[in-house]
């Protein structure tokens, strides 16, 4: 069954991002791949502002193992997008983000994405437990918080 | 549960695509958004070679309502990617593609994506049945075929 | 001889644009192609806010015939870029933009680009004179103004 | 004065590159930034196949200090592009590439780009002389060769 669009109030932190002319494809709307670029940047920005992309314990990095998007409505340059972020699951080594894209002043989402990151040892690439500092940061934008 | 990587023999048609220098992000591997660009292009190319992006009945267009990707292994410029395509579901108005990305000579997939397209009336944007010509084309690369 | 970086005061109008995670390439800095995407969007945004991309007389469109960039300093996600715009030449059918990219709070440009647009008949693609409305708009951000 | 399109015979080495669906922008043709992505990849591929991106003497890297493009004709997905490469100038620390983009079977270029790379010390970022191995590689595709 298809997801229903949710609202700004369902997200915890926000960033405002202008679209770019070449985000549009031949159909005159944002190409689906651009949504992932917005998801990616929102997560990276939030991590860098609050900790760091290297916030994991020494020698850990995070890798995307799965992501996806449900599209409710077209977005199009020159729309300005408000990107909402929340975390819906925190495992031993993994974290699941959900991201809402809100078009200009709209209160309901035009698209909802999810990203699953796994923290791995940078050398061996085997999963390792997420440290407490990062775990607490994740809890701060948990959908249950 | 996480998907397992499948093989080239699980796909029906293939395209060979070189990576580009700026497909890599700061981590030195293909950014996740690039995978969607490869999925997108593979589907569009296949439709244009076998029918047309406008292959639907008069006045119909197709829109992406959902997509996603599971990442098994990093891809990196200058890898050459073989993109495999199959169709796993054909509904009244919708079709579901699965796409495998195979790195250089590898037989197991580095990533698996899916795309759900819905055919809509170009004017009203309401779903309409897929015509027989297109339906038969979809059956020709069905995973059951 | 190589261009020297100029200053914010050398530009007429400005837009503030966040960088995106995948703007960075393997070298960990903005890929050169991204600069053109920023130039493009700045011009399109300015045209749409002040007139329209279709601001030309009926049946005209503009096409890029030449562009280029001189790079003074690396830009890198998560830098926020201030994009300055000015017009340095207005011909019968053509207009030449210069664009400065300013990194975060810096007053001197990290890159300077130029774009030459030609207005053509949408059907025949032959150059046509720029109309007065658009010409006056161009004059308003002329480097001589 | 505007450059005239040149021919395949004016270039020394070639790569064949398919376009991607989202290379097209709202105008239904390749966005100008995509041309730079094709230029970039052609140079990087050629360097990696014949030497390495790190082919410079130990501790050197190359940076783009200037590039540009003249557009003769629109390119559009699903065009397949033949990218031609030649070197027009080899200085003490710098090298100038020219790149021709040829649409499908066309013999005259649809676009011509140039890239100026400077070899610098990776640590200090000051220009350093290009070593003999790399200099000889550059000569092998010199426009005068």
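Each chain gets a letter, A, B, C and D, in the order it is written, and its residues are counted from 1.
Definition applied: contacts are C-beta pairs under 8 Å (C-beta built on N, C-alpha and C of every residue); 3 or more make two chains touch, one makes a residue touch a chain.
What you are looking at is a predicted structure, and each value in this text was computed from that prediction instead of being measured.
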From subunit B, the most remote chain by mean C-alpha position: C
Proportion of interface numbers common to subunit C and subunit D (over half same, under half different): same
Separation of subunit A from subunit D, taking each centre as the mean of its C-alpha atoms, in whole Å: 35
Distance between chain centroids, defined by C-alpha means - subunit C, subunit D (Å): 23
Subunit B and subunit D: spacing of chain centres that average the CA atoms, whole Å: 30
Shared-contact residues (touching 2 or more other chains) in subunit A: 21-22, 31, 33-34, 37, 40, 77
Parts of subunit C lying in touch with subunit B, wherever the complex brings them together: 21-22, 24-26, 28, 31, 33-34, 77
Subunit D residues touching subunit B - in the complex, by the definition given at the top: 15, 17-22, 37-38, 40-41, 44-45, 48, 77-78
Touching residues (chain side subunit B, partner subunit A) in the complex: 2, 27, 31-34, 36-37, 40, 61, 63-71, 74
